[in-house]
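All remarks here apply to the structure that follows.
Letters are used for the chains, namely A, B, C, D, E and F, taken in the order the chains are written, and counting of residues starts over at 1 for each.
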Amino acid sequence: MFNHTKVLQYPARPDKPDALFAKKMQEILGGQFGEITVALQYLFQGWSARGEEKYKDLIMDTATEEIGHVEMIATMIARLLDGAPIKEQEEAAKDPVIGAILGGMNPQHAIVSGLGPRPTDSNGVPWNAGYIIASGNLLADIRANINAESQGRLQVARLYEMTEDQGVRDMLSFLLARDSMHQNQWIAAARELEEKNGVIVPGSFPRELEADNFSHSLINFSEGEDSKEGSWANGTAPDGGQFNYEQTPTAHGEKQELQPAPEYMYPK
Amino acid sequence: MFNHTKVLQYPARPDKPDALFAKKMQEILGGQFGEITVALQYLFQGWSARGEEKYKDLIMDTATEEIGHVEMIATMIARLLDGAPIKEQEEAAKDPVIGAILGGMNPQHAIVSGLGPRPTDSNGVPWNAGYIIASGNLLADIRANINAESQGRLQVARLYEMTEDQGVRDMLSFLLARDSMHQNQWIAAARELEEKNGVIVPGSFPRELEADNFSHSLINFSEGEDSKEGSWANGTAPDGGQFNYEQTPTAHGEKQELQPAPEYMYPK
Amino acid sequence: MFNHTKVLQYPARPDKPDALFAKKMQEILGGQFGEITVALQYLFQGWSARGEEKYKDLIMDTATEEIGHVEMIATMIARLLDGAPIKEQEEAAKDPVIGAILGGMNPQHAIVSGLGPRPTDSNGVPWNAGYIIASGNLLADIRANINAESQGRLQVARLYEMTEDQGVRDMLSFLLARDSMHQNQWIAAARELEEKNGVIVPGSFPRELEADNFSHSLINFSEGEDSKEGSWANGTAPDGGQFNYEQTPTAHGEKQELQPAPEYMYPK
Amino acid sequence: MFNHTKVLQYPARPDKPDALFAKKMQEILGGQFGEITVALQYLFQGWSARGEEKYKDLIMDTATEEIGHVEMIATMIARLLDGAPIKEQEEAAKDPVIGAILGGMNPQHAIVSGLGPRPTDSNGVPWNAGYIIASGNLLADIRANINAESQGRLQVARLYEMTEDQGVRDMLSFLLARDSMHQNQWIAAARELEEKNGVIVPGSFPRELEADNFSHSLINFSEGEDSKEGSWANGTAPDGGQFNYEQTPTAHGEKQELQPAPEYMYPK
Amino acid sequence: MFNHTKVLQYPARPDKPDALFAKKMQEILGGQFGEITVALQYLFQGWSARGEEKYKDLIMDTATEEIGHVEMIATMIARLLDGAPIKEQEEAAKDPVIGAILGGMNPQHAIVSGLGPRPTDSNGVPWNAGYIIASGNLLADIRANINAESQGRLQVARLYEMTEDQGVRDMLSFLLARDSMHQNQWIAAARELEEKNGVIVPGSFPRELEADNFSHSLINFSEGEDSKEGSWANGTAPDGGQFNYEQTPTAHGEKQELQPAPEYMYPK
Amino acid sequence: MFNHTKVLQYPARPDKPDALFAKKMQEILGGQFGEITVALQYLFQGWSARGEEKYKDLIMDTATEEIGHVEMIATMIARLLDGAPIKEQEEAAKDPVIGAILGGMNPQHAIVSGLGPRPTDSNGVPWNAGYIIASGNLLADIRANINAESQGRLQVARLYEMTEDQGVRDMLSFLLARDSMHQNQWIAAARELEEKNGVIVPGSFPRELEADNFSHSLINFSEGEDSKEGSWANGTAPDGGQFNYEQTPTAHGEKQELQPAPEYMYPK
């Protein structure tokens, strides 16, 4: 069960309207690694957690915070749209600055949401739940989270670069910090689990059941041998095995061919 | 540019037809972490790589291999469908085994693809490119890859558990091994990069520009303090900072409220 | 069975080309509340109607009209694209007006449809049937229709505001009128049904089977008590019960926790 | 900003495992009118509200409650999956009850989420944000909410009918009650607003700008005149105008034809 | 503008209920090549037609017929669902026939549409407009139509095979015939256009601007030379050129490598 | 199994950066008829081919080539983005050329992919597998391929028209040539198959089982008789039957009406 506080976790107030940046900022609201993704991803992971309580609590702490980040970015977008020009006027069209805004803004910000945020990415594609990950394997999911916070912080950093609005940058500096913390915490959690269960997910599947002569070979499917010199082709692998390099890929299987189709499938 | 060899990388031959398992196996072909995802994810990462050649080559080696894994699983599904019953006959409906197959199989395996594999997940949802990740930041993407191979291997392990067909299990044992290798290699590559650029992605964004008093705090948004005892709430963080725990979340912002809407947006 | 008359229900002729407005107008063709939505929503409702004939006939009358509205808007978009510049020429790029058009138009209007309308919204997202509603409950569906015509008319009003082309505005004035009628008719129909079956959908589910001590309480989950003063927190509710206000939310359930996962799901 | 309480708003504990019902219950979690829809719909409406505080507070109260409903249903699904058979064993396949479960369950409940809920509908289609509505017009959105709670309660009623598990029915009886309240509250709010701004949305668009000779006519596009006798074809319309009935549809426009395509579009 | 006749183009009455077949039949209603696809594809082609009137009229004749086919199949599905069992009862679960139906039917047919058709394919995936094709090039689009009617008739033939219900088969025999006609008509139209404009689409693009030493070579990218003996590797090509066979693919380009990324993109 | 050569099949090097054209070129990478579509379509057709080896080999030759085309276009897009301005600077916004680029470019090219290609169309909609076709009927699929190469070449021709960059045009001239070859080869293959199995797909379904009095009639559902004069309404049809023209459509069915809904579906 949840409760809501009307005050934002951190200020979300731009210096001035900017409909073009409002469009771009949609990416971190409703894009693949926007805040809707992390909020729902962590909620589903937390609600499905079947293991130790401290991990479940960590996930739910972070999930709940992220709903508040959706709120902050939604607020910022609405405020960036306040006062945006929307009419195609003769004069406007001739003013290159306004013309570029009218041509470049997200039309749904005017037509559909009436100057509100949209649950979409920066191109207007609706967020969908195919973005989120909750597998029931704790280490797998924490790796998903390390990735999500890395991609997310990268996008925030790029947005920071793309604006000079100090109000926007202030909020982004907070998001950058929280994404740093979230990377830190998930990395710490992953290290704990890797120590307990090993680095290969899932750790509980018996290694002897895999075709283990293929478990440590880098196979050279792309012409050129630059990859041969990497730490992934020689020496000890993270799981303790020995890496090796296969210069020429071998096909171990049979020809890719199928039986003729039955008549009732109407192959002709 | 690519070339194709007709022999499969590893045998893909089931002991007998099984339309229900063919439906399930679609998950690792066209699901969020199916082979189409990793093949295209690595291709896009490789083609966009702008850094050191050895990483690009590693990515392209693996990408090219994965296209061959799509091929193997596609072949296995087609063979599992060979000889599957598809007619609703009076008798069939009364045979519980056949009835369950007719009721449970993916209808598109008969109607749409004529006993071929489908580019969808195990529920028949078409694969879409919103699953893939290629950001132009090498460490971010390698973390995405560690996650993809972890989720992928987990799903293969569960499928292994769900069948007793030795032919199917043999192919899955190979995929398990390759997913082990791929986890190994991406972890090795990530470690290299983390040593060079630090653990926080992106490493080149100046830390002093983030609101760094928020970069190491676990905030207790979910009632109960189990998370307080974790390695993520005390001691040294992976980036070298000191973790701390905030027992009661503070709202630093202002009230979430917006200006009245302009009349031309027709708020009434 | 349907027949087609080549003359449009109402004129659809702009005063002059406008590729940017063509992009915006896509919203009411292929957006969430575009004409494709209402046409198909009403068709599916009509074809699934299992009750009184007069409702079914009303729905089919409106459904059939809406296919003609799709036709009108499709025509308008095609005509707005007639004569649109599409080449990136040195000169063009330097003319701010043409530059903004080339930068802001929907590229698929040139590349994919060759100056024709697209079955997408104003951002180019394909229409999908997840937008439509046909539940087999007449009052529920008529409420969906009241909403659809309200959202639709709102979007048309905003588009009216965003152009000064008199030909476009003339067509929009017709759509505004038909959306008024459609709101009128669905409201009239809903009132009839609410009188017969009550205001709570579905009216035939026995109220005594619901946990009726929760059926009239506004619960204060969001800090601040402004909502307490509304007509929804005091007095008689539309279904005849008495509204009340619960100042502090109560959790009636148990802790959100699950059993440990079975080993065969590979939680580790 | 949000806070989370670990105790559920209402108990969510089934009497026994039922993987088939877990699949069906996904509809009210991640379907078009599942709890994710109403939670995010109300959040976006609340964060975009630009008018009177009491409406915004009402919306945020309800939004926050709905996140807790997502939690309850997610929990119920996880518990229905506890102990579900997943192996295709020789024996199992011959037991019709287990066979039907193995054939009929959502395969992703085993392969992808490891006995956890999925952010999808009952057919496994991922939730997407194209379902939600937040327009910046208060009456339009409250109509959307009346519809959402009507469709939602209808689906819960049908699910109630489809199970005999008393634990599941107990939770559904609570959801039925809350959906009754939410219908009640949105109807009350709509009545207030209709009294202030009129029944036609948007109320502030000048009626004289619409082609008002078309604003009250039911046009007989579907053969048969059953619709003629309804309250929508005679008498006073909800907006105060007079309904009329047009027996034979008139085409007021011109022929649907376009100019020849320019050569640079390659029409040949 | 359209008019609707309440009588169906052809009878759509099954001999008896069959919820499993209702699920399968969804494929030809809302699948990639279902009737919604052809109806909307032809409507968009017709409304965008900018050439000779006889083609436009042919397209609109067929488009309008197809809306009536959507109606027939929607009706058939509703009737197949009439009387379908939906309750999970102790007894039912033990009857293998009913158990298989309850496990195998589309749950949305009960929960969402209340025994009505759904705008989805046989797996429940919503129809989307990404399926349709309307390019503004007449020959290209007629080829799309030949394909659509071929795929469509193939699916109907397979469904015919999968049922023994004489009422269903009767309707399918009608659809098979209309799909034959539609293949016939589009082939006839394509032949006309190919004679006028040549077989290569678009015919008006100057052939001398293409790199024409690559216009007639089959390149052997897949090991094995079986394809060498086909009519596509020797002799005169349909456009009048001479086919040839390139045994070993040549790479004419440069290495796939990119410039280093700029710092402001945060590649590290 | 596949191998990768690092040299491109053909040069992909633009004369200068052009972020707007990079956005447009996405259409032929990740649009409905982009190279991802044909690559995966042919792969799935090839892997599902159950007939004569020479067709399977032809399909796999072409499939493998197309992966290399994805590579070329991905490379071109990355190079068009090299050096693109991304910052909203006071000055930039005032320069109409840069302003139009900043307003018109795909924001994800900066925020998400860091100057790399995206697996989406020109509006940013992710590619999805609902675009591809692999039916298990060889002639049906080859018709799909003729269409795909026609639509694809048309789009390339339009893009050629829309740029004056000689480097871009050079690559497009190569793609035009390959699309010519692919149209040629699929037409040749279709002719072979039509000679063997007839022009109606599927050829093996017994014609006597279709309602053959409907197999050659053009029915005049759209007012006006222009279509009557076509080669599709008179004379011999491609399958050898005689075309005829039905001036007034006849409804052969019964009224579209359904039985009342059962109470347990809650129709009220």
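Following the convention adopted for this analysis, a contact is a pair of C-beta atoms (placed from the backbone, for glycine too) under 8 Å apart; a residue touches a chain by one contact, two chains touch by 3 or more.
Nothing here was measured: the structure is a model prediction, and the numbers come from that model.
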> Which chains, if any, touch chain E and chain F both?
Replying inline: A, B, C, D
>> Among all chains, whose Cα centre is located farthest from the one for chain D?
In response: F
>> Relative to chain C, which chain's C-alpha centre is the most remote?
In response: B
> Copies chain C, chain E: same or different interface, half of numbers shared as the threshold?
Replying inline: same
> How many angstrom lie between the CA centroids of chain D and chain F, rounded to a whole number?
Replying inline: 34
> If you average the CA atoms of chain D and of chain E, how many Å lie between those two points?
Replying inline: 29
>> Can you pull out the residues of chain D that are in contact with at least two other chains?
In response: 1-9, 32, 47-48, 50, 53, 56, 60-61, 63-64, 68, 71, 75, 78, 86-87, 96, 99-100, 103-104, 110, 112, 114-115, 120, 123-126, 128, 130, 135-137, 139, 154, 157-158, 161, 202, 205, 221-222, 224, 249, 251, 253, 256-259, 261, 264-267
> Which residues of chain D touch chain A in their complex?
Replying inline: 1-9, 30, 36, 40, 43-44, 47-48, 50, 60-61, 63-64, 67-68, 70-71, 74-75, 78, 112-117, 119-120, 126-130, 132, 134-137
> Across the complex, what residues on chain F touch chain C?
Replying inline: 18, 20-21, 23-24, 27, 31-32, 96-97, 99-101, 103-105, 121-125, 154-155, 158-159, 161-164, 221-224, 249, 251, 253, 256-261, 263, 265-268
>> Per the contact definition, I'd like the list of chain F residues that touch chain D in the complex.
In response: 154, 157-158, 161, 264-266
>> Quick check: in the complex, which residue numbers of chain F touch chain A?
In response: 1-6, 47-51, 53, 56, 86-90, 93-94, 96, 99-100, 102-104, 106-108, 110-112, 114, 120, 123-126, 136-139, 196-197, 202-205
> Which of the residues in chain E come into contact with chain F in the complex?
Replying inline: 5-13, 32, 46, 53-58, 60-65, 68, 71-72, 75, 78-79, 82-83, 86-87, 110, 114-115, 125, 128, 130-131, 133, 135, 137, 139-140, 143-144, 146-147, 150-151, 153-154, 157, 160, 170, 173-174, 176-178, 180-181, 183-189, 191-192, 199-202, 205, 207, 209-222, 224-227, 229-232, 237-239, 241, 243, 249, 251-259, 261-262, 264-267
